[in-house]
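Some structures are shown below for you to check.
There are two complexes below, and they share chain A, which is joined by chain B in the first and by chain C in the second.
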Partner chain A sequence: MSKDISRTITRIAEILINELKLEDVTPETFDPDLDLVDEVGIDSMDMATVALFLRDEYKIRIDEDDYPKLTTVRIIARYIDEKLNSNE
Partner chain B sequence: MITVSSLLDDHWFERYKKIARLNIRSSIYDVTDRCNLRCKGCFFFSSGEHEVASEEKDISKWHGFVEKEMERGVNLAILIGGEPTLCLDRVEAFYKRLPTFCATNGLIKVPRDRFPDMMVGLSLWGDAEDEQLLRGKDTFKISSANYAGDPHAYYLYTITPKQLGKTEKIIRKIQDVGLKVHMQLLSNDEEVDGFSWQPDELIAVRAEMDDMLDKYPETVISSRYYHEIITTGRMLGRPFGWMECPSVTEPIDKREPRPKRLTNFIRWSSDLHTMHRCCTSETRDCSTCKDGAAHMSWVMVNKRAHIKTTKDLQNWIEVYEMFAKLYQFIPW
Partner chain C sequence: MSAQVEYSFSDIIGDPVIRERWEKVRRYFFLRESTYDMSNRCNIRCEGCYYFIGDKQFADENNDATAWRELLVSEKKRGITFVVLAGAEPSLVPQLCAVCYDVIPLGAIATNGLKPIPREIDYRIHISVWGNDQTSQAIRKAPDMLVRQMANYKDDPRAVFVYTFTPFNIDEAREVTRLLAENGQQITFNMFSAPVGYTGQLCHSPASLQKTRAMMHELLTAYPQTVLFSTYNIVAHTSEKGLHDLFSCTYPRMNPSTDIGLGRSFRQYRTDLQWNRDAACCVPDTNCDDCRHYAAGSAVVTARMYRHAIDPVTFSAWLDYVDTYLAVWVRGYDKGPNLCADFINPPLNT
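Presenting the complex of A and B:
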């Protein structure tokens, strides 16, 4: 795993924790492979909020049609990474 | 961190997973301004909503409109009135493209060769005496003959304070014609004498609804938590009202601060341009609103608030399942 991806994972976890007000977890201890719907319980409204933060932070657009496949923090990080690379 | 699986056993976790990704996005559509009944207390007529716009009569515009609604992300069309079955070509414009629910008084039978699996909600306002008083007709006699045994129809039984102690008789009648029933409470918009809920009556009706659910679990589609929310107007200590309701039409929603948990809801008038304030009457006092769908939606959009204890999350699952059953996203 590259350092960039690792940093993105931590940052996404931080956004989730802050926005969803998740307790008893830190960006460092957040399991990046935890299923966000099945285990964290996020829904499309949460995802829309998180997507806005990610858009501002990484200057990428996350289509609503893509929400269903963004099931873990690691998958979101890879998605962002791919978007950034394709913009280069 | 509390996770979903840490709160639920395998059985409940499986139930959760069946609904967790449904992402239901409904909007409500007035199909027509006309009705073949004039019920006392019907919010559509009592608040003058039938006069705010002239209905669109060009059927091609209805087809184009539904396409645009789908592009907006709507995946459930809830058709209300007037009486939608007076305009089946408009109903068909939705049904051909979207999961569609049609609310009707049941006096006209939806032709099943044309709408084989469209969910139909049959309105019922009580026993023959109350139906006669409020609607001028005992509709059950006709609607039950039209829909007996139909697997894609159920009764929307609006309980009034006058029905206290009588609900079991109604539930049995519905069971006997092979249909399901969902219970809701009358919001007495026209202030018909004796039909406004008093605090002690709300306590009594909650107990009665719980009792009906326990006694007729195969017939009654409901949940105890829904009964609690709709009779107390409170969820997790928060009161229902204008600032909480998710069933406010989003493009004209001027609430400040705007609630975060909204689903692009719109209630459209039958001119296909005019939007109504919310899923029910514009003149209704939100603090006493008893609209069942609005209260269910209120619970459903607040999932994470329920991921605190096992009981809270089970309550949320039961309400979401109830909604998903009523609109055919999961089987009975």
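Presenting the complex of A and C:
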């Protein structure tokens, strides 16, 4: 895992924890492979909220149609990484 | 030529008024709805009623309170936090409504209002109005409907009257709203949305949509305490494009994804307690191309938060819509003053 992806994962976890008021977990201990819907319990409005803060943070657009495939923090981090490396 | 300003979400909610409203509505993001047909009978028969179209009307009626309790317990277990009790007429089975309330205490009941629903069932009560009493007599074959509805729900904080606009009752909304205002009751607006295959006189035309838009705006301006609506509600529900074209409907009928949101959690149960994903939406058997239904918009527009967070005005319009939706559907939720008086075009998903 590259350092950049690792940093992105931690930052996404931090946004999730802060915005969704998740308890008993820190950005460092958040398992990036947890299924966000099945295991963390987030729903589409939570995802939209997180997507807006990620838009601010990384200056990328997260398509509403992409929410269903953003199932874990690691997948979101890769998605962001691809967006940043594309011509968007 | 001026450059278009790009707002971050933090900029938008940096405005204290917007921030306050955002914090108010986001507390309700936990709501996850499903809908339930309660009876296959109704005490009236209205032209264009979506219930008596398609297969669901032929489902057996399960009146076993134990079976209903088991269903609602399993619904709660899978994350449903809000129930909508609808077709054909829930007031005919109050004992089943009471079971639902006992298990999931947040919800709403759609009723014609002719038979009062017991006060201990503390859901929001949506009372359907299709015009003045002369028009109701013609379309719904029931006399003195509004008079009886208003009497049945006098001083009842659960009640909100839902006025369905057709091309033929637009002017009558003035009389109905005035009467409700004089009685201290509240109203919100719905649009007739054709059931599949319906080609009758109640379908809207571009001209009737325009006329409805003007009437809604007149009444919202004249009766801000009585009318639960916003300018953006008007835009969303009276555009020539239907809700699906404007916002991409998120209900399972039009949304193949089962990963997150309504596509994952929403079910529409028939009276035999069965459900079918292919038919699942809040107004099954409505023609999706013509759908401007208030219940559909409440979910579909609300779900599109991201695309509305492009500037403070557009986001304020969306907040007005969500504030209205919560006031109409959730008992005890008080609507705030609308933040956006302008007619904002729905943003594209770009």
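One rule holds for everything that comes next: the second predicted complex is superposed on the first by the 87 of 88 C-alpha atoms of A that agree within 3 Å, B and C clash if a C-alpha of one lies under 4 Å from a C-alpha of the other, contacts with A are read in each partner's own complex, and residues count from 1 in each chain.
Keep this in mind: contacts are C-beta pairs under 8 Å (C-beta built on N, C-alpha and C of every residue); 3 or more make two chains touch, one makes a residue touch a chain.
All values derive from a computational prediction rather than experimental measurement.
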item	value
Touched partner set for A:R55, first chain B, second chain C, both or neither	second
Chain B versus chain C as contact partner of A:V37, first or second or both or neither	both
Partner chain(s) touched by A:I75 [first = chain B, second = chain C, both, neither]	neither
First (chain B), second (chain C), both or neither touched by A:D24	first
Chain B versus chain C as contact partner of A:L84, first or second or both or neither	neither
First (chain B), second (chain C), both or neither touched by A:D63	second
First, second, both or neither for A:I5, with chain B first and chain C second	neither
Touched partner set for A:M45, first chain B, second chain C, both or neither	both
Chain C-contacting residues of chain A that also contact chain B	37, 41, 43-46, 49, 64, 68
Chain B contact footprint on chain A (complex, rising order)	20, 22-25, 30, 34, 37-46, 49, 64, 68
Chain B - residues contacting chain A, complex	1-5, 16-17, 20-21, 23, 73, 260-263, 301, 303-304, 307
Interfacial residue positions of chain C with respect to chain A in the complex	8-10, 26, 29-30, 32, 79, 248, 250, 257, 259-265, 302-307, 309, 349
Chain A residues within the chain C interface of the complex	37, 41, 43-49, 51-53, 55-56, 62-65, 67-69, 71
